[in-house]
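For reference, chains read A, B, C and D in written order, and residue numbers begin at 1 within each chain.
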Amino acid sequence: MQYRRMGCTGLKLSAFSFGAWVTFGRQVGRSQARELLALAHDRGVNFFDNAETYNAGDAEELMGDVLADLRFPRDSYCVSSKVYFGATTDPKPTQRGLSRKHVIEACHQALARLKVDYLDLYFCHRPDPETPIDETVAAMDLLVRQGKVLYWGTSEWPAEAIEQAHRIARAQHMAEPVVEQPQYNLLHRERVEQEYASLYEKYGMGTTIWSPLASGLLTGKYRDGVPDDARLNQPGYEWLRDELLDKGRGRVARAQRIEPIAQELGVSMAQLALAWCLANPHVSTVLLGASKPEQLTHNLDALDLLPGLDEETRRRIEAAVA
Amino acid sequence: MQYRRMGCTGLKLSAFSFGAWVTFGRQVGRSQARELLALAHDRGVNFFDNAETYNAGDAEELMGDVLADLRFPRDSYCVSSKVYFGATTDPKPTQRGLSRKHVIEACHQALARLKVDYLDLYFCHRPDPETPIDETVAAMDLLVRQGKVLYWGTSEWPAEAIEQAHRIARAQHMAEPVVEQPQYNLLHRERVEQEYASLYEKYGMGTTIWSPLASGLLTGKYRDGVPDDARLNQPGYEWLRDELLDKGRGRVARAQRIEPIAQELGVSMAQLALAWCLANPHVSTVLLGASKPEQLTHNLDALDLLPGLDEETRRRIEAAVA
Amino acid sequence: MQYRRMGCTGLKLSAFSFGAWVTFGRQVGRSQARELLALAHDRGVNFFDNAETYNAGDAEELMGDVLADLRFPRDSYCVSSKVYFGATTDPKPTQRGLSRKHVIEACHQALARLKVDYLDLYFCHRPDPETPIDETVAAMDLLVRQGKVLYWGTSEWPAEAIEQAHRIARAQHMAEPVVEQPQYNLLHRERVEQEYASLYEKYGMGTTIWSPLASGLLTGKYRDGVPDDARLNQPGYEWLRDELLDKGRGRVARAQRIEPIAQELGVSMAQLALAWCLANPHVSTVLLGASKPEQLTHNLDALDLLPGLDEETRRRIEAAVA
Amino acid sequence: MQYRRMGCTGLKLSAFSFGAWVTFGRQVGRSQARELLALAHDRGVNFFDNAETYNAGDAEELMGDVLADLRFPRDSYCVSSKVYFGATTDPKPTQRGLSRKHVIEACHQALARLKVDYLDLYFCHRPDPETPIDETVAAMDLLVRQGKVLYWGTSEWPAEAIEQAHRIARAQHMAEPVVEQPQYNLLHRERVEQEYASLYEKYGMGTTIWSPLASGLLTGKYRDGVPDDARLNQPGYEWLRDELLDKGRGRVARAQRIEPIAQELGVSMAQLALAWCLANPHVSTVLLGASKPEQLTHNLDALDLLPGLDEETRRRIEAAVA
């Protein structure tokens, strides 16, 4: 495994991380989850990503059960949660958003579900236009000072809101956000490469990338349409299906254009797309979801491809999907 | 139910809240209290207001018993306490006021009586001329940092004292007060509408309104004098009776003048008066007290009136009681 | 009982307090201590003063036992400790002084001996030239933030050192010292009246007075020499005996000169001397030590004298001992 | 024993301290460790030095067992740990360095191994170029505020990095580092005497000296080569052997040149070298390692030599090894 500093922090994350999104508590049950986490940890993965909203808290509950069972040394891995959407399918007004009340209560609940004393990373899952950033920064700072959170960050926040959070934190001598969790893949590059460009240098922020395979488009598996058992066909993911397929018909076709390059290099489309993500030096870690061990192993192997992924090849790939 | 941000905070309170004042531990016993809280929560009320002084701590004790019994999810509601008057009928010098000692001890006692780990809101029930505001702000900040209080505020403080609290808190990087609990009703408008006007914009403060019905005057029930079983005839409320009736003889008459408008709209005087309160955008929530479920239901129904309460009607109402 | 704000704080102390110095754990055993504390509390005394060094921790242990036994409501009284001299007769280098280590460890030990969760007042018993004031201020601030101390102060510090402590605390947004415990009596006036004069206005500091009777000189009991069972003849108090008697032969004589005034007013010398102390508006409370209930009652009765102690009489008293 | 302030702090350390480095958990087992600690404490030693990396945590575990067994009053001694190298022979990326995660987790682990509630001293064992100093300072400050660490410092940091830590801590109102643990002996003087010169005055830093005997060279025991059972021949210490012997062949010879002076003064080379260290006023304490009681006693006796070590003699010694 390769390890990278999370931005300019001293925290070293494995280049590939393991995320509970979609799969945990739905496609993946306890014995599978155990197998997947054990495999990941064994391969050197040290970051397990989660969120209150993933299957309405069930993903955290399951990960917590399995972590308690596997008994990895607590200092050998990082675990995260994210706050914003609530941990129920129908949250009440006080059970979602980034108010002081919800940020603090959601943290306590995540700690209980994950069965840990502190979260290594705690993300604001979306910006909340109905809470002043000051209130959220102060709540995060409180959790850091109480030892319940080590590092905090944002997910899919506009650069300007992240800048504001830094300004507030510095003025108040509070803990600053140090990491963003943005979507990033060959079909979705603008935010990570353009919008956040100034954040890396100015604040040394790291990124933990979600959807590196564009929810499967870059694996080629939707080449001939969406199979019945695909993640995109699960209830609750209609928005994602729309965004990826219906609203962006051309995407499947664009994604397929990397296939010849992958074949040329003797790897799968997925491996090529993952290695391409990692080639961006501002990427701290790339999150992998998986429901089967073979799939996880296959994706982790993409790391071997990275040294050979020279600038010219990357340009060819980028040109192909453009 | 309608929900509103408490000022510019991210906390969303139900437009109507439920207060323990007067009733809890006196007119209202355990089974009634249980019924009222269950009804309120069921109707979407998410803020239960209390104070150390309400029936000398008994109101908090009772609410705590019932909340423990009803087992609402802790993140589905807010509970408050207020410090200043002490929790006994004859407090010793260290048992009242806004000294660091009393603010902290009163918080610990309220947590014990209410059987919760933290107060969502903690109010300074009156200004204390014998404690410097610095000391009170620092004590509140301490409780926020220790996780025992989420938001703090004031009740019936002059605007200038609230401004001072903000200035001190900002200079010291301490938690600022974010909410006021003032009296507000058709017969008592000056403080909320004039005195506090600059606070809403400058500091984004919210308000939790007490006595929206002027202790019953706006229900019309004192039209023919104070009945024997009225709140105003209870021992300990002589001051209120004096203020409302004896010292302000004209008030009963003024209050009655909204009756024709209420009849015209097909609602009760109380419903009209409550809806009028909510029409003020600076009102975060209006506290309802109740000793009977029917009364609570009736008052909560006032919310239906709000959309139709146009500016012209409000002006007519205001002119009537002027 | 009369109550006074401790300087400009919101804490109200009884005009007379009860101190464990000298007596507790030596002349006074458990049953006497219980009787004295019960009497004091009953008479409205709300401050019980102690220090780690009083009889090497035994005074705190005894007071803690008795307080636990008497079960006064915790918010009805204040209890103090003082750090500097250590709690053993032969403290090791880390067991005395005002280092961060000793300030924190001494607080924990005092809490254990006194059997309380927090000290209302915690004093630096003397200045420590071998610890920078920054270190002591930061240690006190830490204890305040952890909820183990409510108010902190100094005892017998030069005004300049107190000023420094304030300057450091303000610059660092730390808790400032709010009270001094100086010796003050008719024979020892300079520090309280001259040296500290600017502190009262600038920082609103309060004072808790020790030795208001000059260790007994102002009671007249040493008129004919020191009796065998006198406090001054106890081992360990030689320094006090020297200071009061041998080094200041004239003091006994000076003290006696208030006797005629006392007789004229129909009170004892002690009562006159105590009332004179309280007449100084910068005095927050006067500490009384006692080994017998009668003595305590007698001294507490001095409060009745206060209203009649006009300026002219005070001048006469002061002139007499000059 | 002589006691010295640790720099300008109020903490008084014994001139000689006892370190677990090398010996604990390897040459020294439980009964020996118990004997050594009891002897040291009895002779007035009040600082027991340790680190997470000393025998991969075993040195702390052993010291913790023995301290728990001996039951010295907690306030009669200081105990330290150091963070950086990890507590296993093959630490994972998150298990070493000075990230917030490792600094905090290592502290918790050291507290558990040493069986204490707080560390008196906590050192950053080396600078970590892969963690911003801000992050480390904030983590140390957090531990101080939580009461888990009393004083923090650095070990073998360049002066410039220490300066930076001070600047950051002051700007953020955080706890500053107050002590360095550098190597210092007759053969290794530059850092303590030159590089750190400005730190003593500007920041009042103290020093806790390691390797005062240059790992034995200054005892004369390597005069004829390294014996089989010498510390330098233990696995894991090859780097030290190289540095002392192979890479610096001349050192053994230089060390031997103090032998005549020692003989002249009637003391051993070791005693002379230790006393020379203590003669530097910027040295707060000199760490002694020992595997046998006789050795410890012999070295502690070097203190007797100190008063007679006048400037001229010190110059002769320094000239001899130059």
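Here, a residue touches a chain if its C-beta (ideal position, glycine included) is under 8 Å from a C-beta of that chain, and two chains touch if they have at least 3 such contacts.
Here the structure is a predicted model, which means the values were calculated and not measured.
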Rotating subunit A so that its CA atoms sit on those of subunit C: what angle is that, to a multiple of 5 degrees? 180
Over half shared or under half: which fits the residue numbers at the contact of copies subunit A and subunit D, same or different? different
Let me spell it out: compute each chain's centre from its C-alpha atoms, then which one is farthest from subunit B's centre? D
Chain centres from averaged Cα atoms put subunit B and subunit D apart, in whole Å, by 61
Distance between subunit B and subunit C based on Cα centroids, please, to the nearest Å. 43
Show the residues in subunit C shared as contacts by 2 or more other chains, in ascending order. 145, 173
Show which residues of subunit C lie in contact with subunit D when the two form their complex. 92-95, 97-102, 104-106, 109, 128, 130-132, 135-136, 138, 142, 145-146, 172-173
Per the contact definition, I'd like the list of subunit B residues that touch subunit A in the complex. 3, 5, 8-12, 14, 46, 73-78, 120, 144-145, 147, 150-151, 173, 175, 204
